[in-house]
């Protein structure tokens, strides 16, 4: 998972990009980078860690110019490497170019093999590098033609920002898997994965990019291209952005994330009612759904779990083990809220089940009489191949266990998942799945992928696992 | 403000102290330190920054032994200096000793002058150093006698942990200004400013230390001393711990912080009712009071303000100013919750008023029709001299402005503070102020202080200011 | 200027490479890197700074395997960038490959333009990256054929080490501009820019690589190829390696550097005798020549200038200027050796003249009666295009001033340069310049270069300037 | 061993102190510190490592004022700790004071015990802290009286610089063990352990401080006090400063170090002549003596051993051991100089013998026919208690072995030490040992010490060992 941000036409482009990335930090904490464009030259700075760690005043001073793109990246531990930090920037026949990518290509291996055969050398294992190689091999004269012919070879999910010496280009793949919003800050155009970035910098949200749209901003203004419009590719926005990934104060794909989550909670309350004394969220991702559940059910809402603000990334764990140590560093139960109560606990999803089980036990240890787990999405049964880093299918507890079996594993009294129909109702598409990718719940992948990629990409929600477990 | 933690009788004493400090991190983010005791020697490690920054595996490996004390420290920017990081440790006539201090002495200057005249040299400007000098000058043979004679010369607030080659000693001043809890972890005794530290390490809470109590733990077990019992000093626990400082999942001074805050909200709803559509907390400190207010008033609770998890400490602010920049880095409004609504916003206190004003404006900008500010404590009119770092009196808006004037400054429709009587009712002392120090609201200081200290110490809630504004 | 080191067939390959680079540190202090090969994978580590700064035990632990190549790099301040740190490593059609390069290509720009037109993307501005692109575009099946066809397109100076998953390949360009020595350490083969690296690791020197030789070491042993043997390219070893660059305890190109320098001093004494009381070297590069001059002339040798061991790279210069500050940080005069004396001071070359002038003044300030400067090489009149970083021609004092004019600028009593003939005699090629490149003294460049490169590469001895001035 | 530097009356006091410490870096590489005085306040900065590592532009900017003192410190590995970094600075009854100390007190333990009994607390184990405690306990009104009464209680070696808000005070102990020179830089007074510091900053050397002299510089000028003049304490300047410790370009105690060393070599040539082909120094400390030996004997001088400039402090040693690894990192033999020769190798002293043995073997491995070791000082038989960090007596090879036995251990053909008489002749005191401490060679300690200190302080020349072996 990643976040991207772009701006052009602003005297403090890099500073604004820094703030935009700060607002998108939840989309990736492993590395951060900004490339600015000034006087016909690109200026890169990338580093491992949080935005506030990677950039200091010295680094910012070396990012001059009126245009910049930025990237925050999450990745699995194994491939943690500065070489994968984006934006990726190179020289090629048409000058300097940088790219920031949110999404995942399903034909990355095939592309790479083809490009290497044609003489390309690769410095990273990221699929993003292939995109630049395709551009470099394109024979088209015009930038947009070059882009179109290159993008046509990509399969999978890609929201992209390109920066050259003279242009900022934004692209959203024809399915529209990943979000990308367009905004305005005085005379400058801004682009961001989520609108919360616009709120921080006081930019005005204009609209989401359309699936398959290419937006080019240069000195002659902004133009839009729809090179894939004849392909009749259906829109497939990632429903998991609403379930978990996006910030609740963002709008993505035309919807308030907070309101969608609250609706999930309300529908869940209808689908899985229970006699109880208190509704408690797993903070922060379960809060909006818990408020919805509480309102619909009439059961009082309360904060029975407190989240620590100081969860760093390295801990010194005592050898003499502490039960549920990882969860305890992040969450603590409030005994006074839970003791003697029948508790409904709201969470957004269950991945491996280990964290949920610890939370149930923590709530019981605080004296709860009953624990009823409610999940504001359907069972997670399939890995994602379009940009959300998730465990393999075999690690997903719901891929091989029934809801009853999961409930027994979690040691809860009852367990209720939001239905697929309920999920679609919550995202305002009540009659059909039209418009959304819900493959992680249904296994119906909008873009097929070869067997080669299967082994590599099967990881689902691992970021979430790390962040919660 | 500071947090302290101690443990003795545990094979991984320093590791447990590390976790304890992690849980107390909200009490001080400027510096952290641990001193362990092993084989008749003290081993110190201190550094600037968060617990996770200060300690790595190398540092932990250099902290052997079965006993340790730790400290997290908050301080004003001016005196940020590694020399003030605690625990403070020295050699003196009776061997090695380390001390960790939460609180503030009001006779620090007088003590220092007296000690310097007697030949003492000082390496820091901290009042804690004086405590060790008093011990070093004591002629008493016995450790407890030496402590008693030294502590008798201190005026003000002090919860203290001492570590020697053979003993762990815990002290709470006769007024009991600052909290200190005693617990048990298997065969080990543990001490912590708040019980949330016990939850993380799975220690069992035994009881709070009594005001004026000295607890000594060594190889012959634990003993309690009450050397000040004849002095008839009234208990004066800091009520601001309940209002803002302590974590909601802690119990301090025998009360659940969360429940006290919820009661504050309920009483506030009775004292300052209003016709409104939604109750919104300023996260996280306003949450429990907002829930209380919502329940008592019947107005729905909702999360109209979202708090960022990634608020680092250094920002690169754009020169082209962004309105309410500081607040925006921490908080963002959810338009869908606030638009067209009459909003009650709950916060714990108003210091300078600048942050509250920005929050009101942010809520209005998100489309709220009315904004009603409710504060779960009385107007903050006086600085604290007992360990909470606060602005001078002249900076406290409530020291020179009426509630109406403050409301106008905040640009809110109505403003309601919890009454002093309501505050006392919330902390379960309905008929009197007996047992609490509420000097920051009343100006009635339990311990007098000389004019000399006035100029130096007059700072109230500055930590909070920094953390919120 | 750079230093390269390679080893294959040793259980501690990276550790040995680390030591080898340590011994070659004088050839480049800006960045250092090692790539090791283990289990069909390459493991890179690169960083800015000295070898001891770049590598710690953690970094070394991540460099497993029985083969490794390493690189130390010097460069002009402007292009100081981690992206230029070598070895350069990539994936391409034939797997993973890393390269370490000592030298400079004169057709770098033309190569780059051609490669970009063919679709190559570049991540650095270094000419080394082109070498890998050529390999990637080669259609040859066999590794050596691929190498040969690629190397054939290079013009200029290149001593190269390549590392793949299975092979270590060493190359020296047909002119043999830069040194490269082959050695043996038990069962392992080692390669290094200078033999001083073999001395440290106790490897046995076997021989220098021949100009135009390709050496391949893999599991089936070591093989040598001479693909350029039909081209009749004359050998042109860089004479400046002997004058200044190589360590005196090294043998390069079959000669003891120390003995060559001593001979330069002896011949200089014959060419430019003078009545004097003491011969003093500019340490350390002038020592061997000074000893030679002293022996030949019979004038006593003495250490009138002391060099500091602690010359770091950043200084805080007082605003109130100190005369000859830069030189003083490095050198100090010994008054007792110089006072009242007629002093012959030996240095290896004069670049801009500013440093030499300061040294003359420092010697006079210490009481010398006369100062006679003797330079153990001819006047430096032309920039180097083959890998030694040097100032532009206009900055070289000897390019536009006669010896008399230079002497006046230096404020010395007499100035004598070694003649070209003397230089050639010292390197044992008395009758001709056969076998050496002395273009920096003669302007007779063995490899022509286009006008395009002229502007870019004209820098001569800048490293030296930085190190001495 | 340590170096100290002070300046007062200069607008860039800290910058000049930084340069002074840079020139004194050879006297201590473990930590460095500067305290400046400005506007009635002292400003300290201390850190571990070299001067160039400890101070950057930010640190320098925090050292305002027209007066400053600085310190570089060497110490044994065991006590490496930032708490021991000097200058030591505190507040006491008379305000702020800082001290920088070169030397060693032999009554440190007794002082400490007495002070602790009187109520002093200690933050370090350094004997310097005691000096400040004595000052703090003094009842004298006047600064010089307070100093005199405190210094009178010290036994051992101490060259001291004190800095207060208004004064710079310099002290040399009555024996004058350690050097301290006074100079002038325009209107400013400067003080330094060695005159090489004056050369760098272009200060004029005025004179050495007299043994027992106290120099006070404040706004009313410079005054000298001789409070110990009635004690008839004989001067005992450390002869080892001349043998090894001081820089050859310094004058200490009225002598050119370089000339003294050259005389040592000349006398050694008369005392231990040998038929040989070449005289080779162990660089850099053996150079001047080798030149002297060569001149006196008529045997040619040559640089058969080359010293690396890049000896950092941490190495990654290969597990597969390299013979004489430590020495090889620092020194390499030049085969062409040594092969087939009868070699005289000059070194300043032999400590444990291990390094010398490795050098002998390295010279033989380079082909020398005979190796004759000549040492420009007498056998090192006794530890130093006055500030030079040395191994215990049992580690000194000469304390328990005859010269013949040592020669056999070193595997040299002959071994010759300078005689005590020769040493005294070299330092220009031919008829007697009057004026020098040569206890490390003779065991005749000028200041007696208790048995208690014996165990602690017995370390001789360990710094040297580390630097050479």
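Worth a mention:
Labels A, B, C and D are assigned to the chains in the order they are written; within every chain, residues are numbered from 1.
One rule holds for everything that comes next: a residue touches a chain if its C-beta (ideal position, glycine included) is under 8 Å from a C-beta of that chain, and two chains touch if they have at least 3 such contacts.
Given the structure is predicted, the values throughout are model-derived calculations rather than measurements.
Under the touch definition stated at the top, subunit B and subunit D share no contacting partner at all. The fewest steps needed to get from subunit B to subunit C, moving only between touching chains, is 2. Distances between chain centres, each the mean of the C-alpha atoms, put D farthest from subunit A.
For this pair, subunit A with subunit C, the centres built from the Cα atoms lie 50 Å apart.
Once the centre of each chain is set as its mean CA position, subunit C and subunit D turn out to be 36 Å apart. For the pair subunit A and subunit D, the distance between mean C-alpha positions equals 62 Å. Multi-chain contact residues, meaning those touching two or more other chains, do not occur anywhere in subunit C. All chain pairs that touch, listed by label, are A-B, A-C, B-D, C-D.
Listing the residues of subunit C that touch subunit D in their complex gives 11-12, 15-16, 18-19, 22-23, 25-26, 29, 50-53, 55-57, 60, 196, 199-202, 247-249, 256, 258-259, 284, 287-288, 291, 295, 300-303, 306, 308-310, 312-320, 322-323, 328-329, 332-337. Subunit D contributes residues 89-93, 116-123, 125, 132-133, 136-137 to its touches with subunit B in the complex.
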